[in-house]
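Chain nomenclature is as follows: A, B, C, D, E, F and G, assigned in order of appearance, with residue numbering initiated at 1 for each chain independently.
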Amino acid sequence: MSSVLVLALTGAGLILLGLHALIVKVHLLRKILALNIISSGIFLLLAGLAARTPGGEPDPVPQAMVLTGIVVAVAATALALALLLALRSATGRTRLDDDNGQ
Amino acid sequence: MLASLSVVLLLAGAAFFLGGSVGMLRFPDVYTRLHALTKADNLGLGLVVLGLMLQAESLAAVGKLFVIWLLLLAASATASQLVASWAQENGFAPWRG
Amino acid sequence: MLPSGAVWTAALVFTPLLAALACFLAPRAANWIGLLAAGLTTLAAATMVPTLMTDGPLRIAVGGWGAPLGIDLYADGLSAVLLLMTAVVGLGVSAFAPAYFGAHPQQRPWFWPLWLILWAALNGLYLSADLFNLYVMLELLGLSAAALTALSGGGPALNAAMRYLLVSLLGSAAYLLGVALLYHAHATVDIALLGARIEPGMLANAALAVMFAGLMLKTALFPFHFWLPPAHAGAPAPVSALLSALVIKGSFYLLLRLWLDLFGDLSRLLPELIGLLGAVAVLWGALQALQQQRLKLMIAYSTVAQIGYLFLAFPLAGGLNGTTAWRAVVYLALAHGLAKAAMFLSAGALLRFAHHDRIADLDRAVHRLPLTLTAFVLAGVSIMGLPPSGGFVGKWLLLEAAFQQDRWGLAVVVLLGGVLAAAYVFKVVGYAFTPTAIAQEAESVPLSMQWSALLLALGAILLGFAAPLLLPLLDVGAPFEPIVGMPS
Amino acid sequence: MIPTVDANVPPNAWLPLLVLASSLLPGLIIFFLAERRYWARTLLNLGGALTKLSLVGLMLWGVYHQQQYEASLALLPGLELVLRVRALSLLFLVLSAGLWLLTTLYAIGYLEESPHRSRFFGFFSLCVTATVGVAMAGNLLTFVVFFEMLTLTTYPLVVHRGTEEARRAGQVYLGHTVIAGTLLLAGTVWLYALAGTLTFTTRGFVDGLVETHRWSLIAIFVLLILGVGVKAALVPLHGWLPRAMVAPAPVSALLHAVAVVKAGAFGVVLIVYDVFGVEVAAELGVTGPLALVAAVTIIYGSLRALFQDNLKRRLAFSTVSQVSYIVLGVAVVGPLATVGGLVHLVHQGVMKITLFFCAGNLAETLGIHDVSEMNGVGRRMPWTMLAFTVGVLGMIGVPPVAGFVSKWYLGLGGLEAGLHWPLFVLAGSSLLNAAYFLPILHAAWFREPPAAWPEERDFGGKETAWLLLWPPLVTGALSLLIGLFASLPFTPLEWAQLIAEREFYQP
Amino acid sequence: MQYFYFALILFLLLTLVAGLWRIRRGPTPADRMLAAQLFGTTAAAILLVLAEVSDAPALRDVALVLALLAAITVTAFTRRARISLPPGDDDAR
Amino acid sequence: MAWLTGLPLAVDLVLGTTLLWLAWRALSSPDLFQAVALFIAFGVILGLVWARLDTIDIALAEIALGAGVTGALLLAALSQLQPAEVDARAAPSATGANEHQAGQPGQTAETADADEAQHKPAVFRALLAAVMGLLLLAALFGLGLVTWQLWEPSSGLTQQVNTHLPESGVEHPVTAVLLNFRGYDTLLEIAVLLLALIGVWSLATASNLGDTTPEPVLAALSRLLAPLMILVAAYLVWVGAHAPGGAFQAGSVLGAAGVLLRLSGWRLPAGAAGWPLRLVLALGVAVFAFIGIAVIGLGEPLLGYPTAWAKHAILVIELAATLSIGAILASLFIGGRP
Amino acid sequence: MTVTLPAFVTALTQRLLLFALLWWLLTDGQHEAALFGAPFVLSAAVLSTVTRFRGQVLSASLWPARPLALMRLIGFFLWHSLRGGFDVTLRAFRRPLPLKPDLIDYPLRLPPGPTPILMASLVSLMPGTLAVICEGRLRVHVLDRHSDWHRDLERLEQRIGDVYRIDRAQWNDTPNHSDHN
């Protein structure tokens, strides 16, 4: 049981580390990594707490949710990376342009 | 008896893992570190696998453990070659002491 | 006990989804497949209405398992009106798209599958009663929307799409965090069950905070709106229409559902805060729209303002006749959907016509492109909330609720927002009457593009007369009444 | 839209709808007509106008004989769009329908060969549709709906010429009317939230609230009056009107005489009588300030008119002044003043449209835009100037032209109510009217014409095109006739008295 | 025996973490990739021991998959990261 | 020997701390390549965490995706980003690599960070950072507190899943949830994958990287591993019915096989790159949806397989899904439309 | 260059057996798995065989390995890899580092094909050496340039040649293999 708490709290830490980086860092690859780390943190919370069943066998439902989430995260990462590359080849930039397109 | 042999093997494996890591940290250039990686860790894994094989519940499990070792052996052999040739192509000359 | 509900649901979600696959497999036939799918989906949405009116809300257990083990689908009046709006706008955009992408043939084979998946996601979103399933829908929605935004290529569009994608992913991540907390607290992700089990406390507040933060980010409520204008302005016109008219509504709907079914009683302060943000959005967005030199950006900022209206209901909902406030904003959402789609489509037609969208250089577009300008103005009428239009009905109801509760500030915001909207809409119209110094080259615009915009705009106007039909439909299942006990 | 027809009076529900449709449908069709299809357009325009006029005539007869005309359509929960034709409605209906016919004729002649006629006539028809809608409004919601529709449909007419000046004028016009519409809407919804109904009632529907919500009611009154006051060009809300003169002459005629300003004035009537009820309004103490505003407007408009050289601008300020006669009549509580105000609604319309027709003729035929260019124009265009003269005399209040009748009743009304100051206002205004109109007549009839007119067009030796000439002659004659025979049945005066008796001051 | 396994896991984990230093330190990309490779091998060992200690033979499948895919990252790196560098001394001084 | 009982906790603490440290470094190290390498390591450690939590299905997926497609994707993207970043540097350090010197050649320095610093005044930045730091700390505290509250044994839906497991057609609870109880999610999630691919394809055509003839050793490796991966993928599908495994994991392995083949220079034959490929890509969603809808005709609810057939239906769906997921992941790695 | 049918069939059979064994290992010998696995075993074997033959030349290596030689090779390898592990671990712990590395070329006598790859891979796992194939040569990085790495390499090459029945005659005849780089 202790591991559940430790790792769930780690998940919380990951979420906030990722959030901080997502806001502060400007390179897009870094932002993509940050989002992945946020997702990992959430998955850790979601499936980590699944392991606190009295029987010891983790609750399968959150596990299935995390599996779904992981695949979605991979899909999103792939799309984001492709967008980043397209942006790079179109503008030469790897960061977001701040002017709102005006 | 089998258990204690297993423990010995596992401990020996762990020692080689440690050696590999220390080598990774202490060796001066990429090529020397490759030595540490490929040799020590594979031996370490081999010994750990051997130790666990002694505890395995079935023949198939033994085989599976062995396959895992072989695969990692192939992987690190290949990886070391790839990395070494990458380093060469990109002009990293070896450290000569 | 024919599973008629299952059939509708299957049709509403799977028709566009499978059509997207078909478009992906046979890109050459994409136009026809897409139009066919749009027609069928609209038909499904329309035929669902009488079922709902006679049988009441639908609850379908996917796979027959039922909540909490399985996923439940749920359709009440609120879902139905949004499904209908999506269908109408979707049909209009689908009719617009073939001619539009005729000039951009390299984008066409990608537009159709992406758009149809987006449609499936929206329909799925409106039909789902399962928080995690809704998360998947949100992701499906967000990814397809971001990909569509990038469709036209080019630096600004890609930049906007990237920002949109990041925001969207962050938003759904926050939402998922809330789902995780709720699941572990109450061992279900079914909205109805959760509504019965949830109790005020730190956990519920935490879930509320993260879920609302995420969804507000996705809905682009001020000050989270920063990503919206470049994305909605940079995308191809039909995509802009979809983004502004539909995608935003998806996350707003979810927000509304969560509030109504789960979180409504938790906080006194939060609705006031949300209302305040909405009010600032109304004014700030409209002022920004007024300052824009480009038509599409102006329309995009107008969306920022219009989103603000949707949030004005939160502070009103708790008071006397709060239901009126909910009805009002749902009506506003519907009207905005139709009108904003029409506006973006007409902007697309203007863009095709003049090859630019500088407002000051519209060069007698009124004479040269009368249908499109009519569409723009009619849509503008609804956006301004002038009678007789859907926007007027929504605004009237909202004002009614505000006046009944003596919320003068909100009433003033609603009214002022309308004035500002008139200012930016008629700024465009005025320039469309005047010639520019140098007469401009113009390209002819296919009629299907012009008419689809016009019909959508007419829809926004006719919505003003549809309240006696739509409001009873909206009340099916009493979405705005607090849940009492468990729905069987 | 399918109206939910009240089962009790099935036969009479269609007439109001037909009146609406008689201009709505032609208008919508005209939009899609190609520019060159002159005859189709003309046929639709005139057909619609004639139909409307005859339908209105039919209803005039019916209402006189106590028939009910009502159609309604559910719009909001508990609220309907209601068209109800009463005596008061008919006063405005007749004016709109009649003048629409003439204005249409005039516009056909005026706009010959100019571009975008289909758009023009389309909006023209819609504009009249909105006006008759306002006239027939059976509740405040309906009034608001048509009132806003009027704003929207007149805007394209104002900016019709597509010049930068027109665009600016359009922005100013919209700026005023949209803000006004917003205030009107605010007042309406607020009132609905308090009263729970918006149906026009002959003594108003708010008397139950006076005790409890006195200040709210006063605020609502102010909001509503501000809302309609912009269109009625009450000072200081009148700024849009002179600027809107950039529009073509038929538009000016329509704006000033029939549609926009009259809708505003009509709105004042409705608010005071049918929403609040004149007694309640008086009890709230809001009529006095309203009368004061009207008086200020009357004097201010006249003063400003004095200093305009541009003919249309002078007429515009004259309108500002004259329309407030109606407001004055309403605000001075009493049957006679009411009659004076109501009758002026028609009289001012007929007279002012004459003046605008004539001004349009001068501009179109000779290129005359300014008063200073009018020397001796009476000899070049005697018929036009004759009509103009009749109009002007009416405006000043010279008997027996229509204007005299209005002023007479207004003055009597003031006295009846125990007020003397309206008399002075009327007298002062008349003097000012004379001061800015008589010099025009003098110049036109007695000064020597210049060697050449600014921009003369040849109409085959005739004074001007017959479609331009006849409408002012007709309205000029009409202003004379309704003044002369004011006491015959079905004249505006008689009808205004009927309204006052039947609706506002029934025993 | 349980605790022996846990101690072993902890020990292996610590050698793994020590190897992290190489990713952090670099200095060449190749060094970082090497450390990632080291990760694969050690992690497989940990998984196998963990399979034993928590009696979850399925964890061997995880190790198997890890072993199967261990080379892909390095391959992706060497195949795609073809940078041209000024030839110079290596990192050691 | 009481300290021995603390060993499992120590393992967890080391794992947790390492995860946090890796995440922190991956997000803040100045060098992008380092960041990606650390992120890949993060994935491995996370896999260990899942293993430690007995959520073996997730461990499998994490390892298979992290070691296979995700890492390769990130590295490929990074290498395509690299040249311009080098160009962007004002003065490339010509002296070569040095262990103590930041900004190594060939490393993707994040010059943008430095630019950003000049935009705003230092005080403002510091204030902003302080406010944000406080907010984040508060959020961490709150989240931690909530997590703490949730830390009491609860069986969630385990009971329900176990009760209905016999009707689901499989014996492994997670697979039952994924493919039967919550199959709708899974179907849509394959659609998300496909959607991402359509999005990627809409952006660009495939880059020609990796087309050079491979080193012989690489060719040999891919010859050795590709068939093995197919076998392992099949095994994972099979084992998913009663033990951790299943379509995602199998698909990830299959995708990794595709990545490996692509890296060793193999290309899809031109004839297969058109609609046959698209068919394979769409197969998962299509088969899943088809079966899910077809059962309505049998009087079953949407996506409700009759118990008797459930096992086979799930197997068919899983095979199609595996094939699709593998193909999609590999295509995502390749990057552009063929 | 042409692939003879018997060679193909032989190779396929070998692989079928191998993969079937593997499947058996994976599925823990469960019977019901066999039916499911059969098509995959077959397709994996076919894939493996086809890729094996495509673009490859070596007739020599198509023949089955010589079992005895293979055993000897394995024994040799295991022993040396144990030595290699010890060697590098000991070096890692010594202070100062006992390293005298160098990069040298070792001209291969094995014909091109899979054997050099095997050679290079095994070299990398042996004590003190690390190899990269480079245009018919091995570039070998040695940890201690004074050790007798050369003898080890030759012996290894010999054993690999034995396993694959490669005649000495077929070997590339470049006898000088001691050139330092």
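One rule holds in what follows: contacts are C-beta pairs under 8 Å (C-beta built on N, C-alpha and C of every residue); 3 or more make two chains touch, one makes a residue touch a chain.
Source: prediction; values computed, not measured.
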{"item": "C-D against B-G, pair bridged by the larger set of C-beta contacts", "value": "B-G"}
{"item": "Per Cα centroids, the chain farthest from chain E", "value": "D"}
{"item": "Whole-Å separation of chain centres (CA-atom averages), chain C against chain E", "value": "48"}
{"item": "For chain D paired with chain F, centre-to-centre distance based on mean C-alpha positions, whole Å", "value": "73"}
{"item": "Chain B-chain F separation of Cα centroids, rounded to whole Å", "value": "26"}
{"item": "Separation of chain B from chain D, taking each centre as the mean of its C-alpha atoms, in whole Å", "value": "97"}
{"item": "Shared interface positions of chain B, touching two or more other chains", "value": "18, 20, 22, 28-29, 34, 42, 44, 61, 64, 67, 71, 74-75, 78, 81-82, 85, 90, 92-95"}
{"item": "Numbers and ranges of chain D residues touching at least 2 other chains", "value": "none"}
{"item": "Two or more partner chains touched - positions in chain C", "value": "132, 136, 139, 143, 146-147, 150, 153, 181, 183-184"}
{"item": "Chain C to chain F touching residues, read off their complex", "value": "3, 6-7, 9-10, 14, 17-18, 21, 24-26, 60-65, 68-71, 107, 110, 113-114, 117, 120, 124, 132-133, 136-137, 139-140, 143-144, 146-147, 150-151, 153, 181, 183-185, 187-188, 202-203, 206"}
{"item": "Contact footprint of chain D on chain C as seen in their complex", "value": "364, 366-367, 370, 377, 381, 384, 386-388, 392-393, 395-397, 399-400, 403-404, 411, 415-416, 418-419, 422-423, 426-427, 429-431, 433-435, 464-465, 467-468, 471"}
{"item": "Interface residues, chain F side, partner chain B - complex", "value": "97, 106, 215, 217-218, 220-221, 224-225, 228"}
{"item": "List of chain B residues in touch with chain G within their complex", "value": "15-16, 18-20, 22-23, 26-29, 31-32, 34-36, 38-40, 42-44, 46, 58-61, 63-64, 67, 73-74, 77-78, 80-81, 84-85, 88, 93-97"}
{"item": "Of all residues in chain F, those that touch chain G in their complex", "value": "215-217, 220, 222-224, 226-228, 230-232, 234-235, 238-239"}
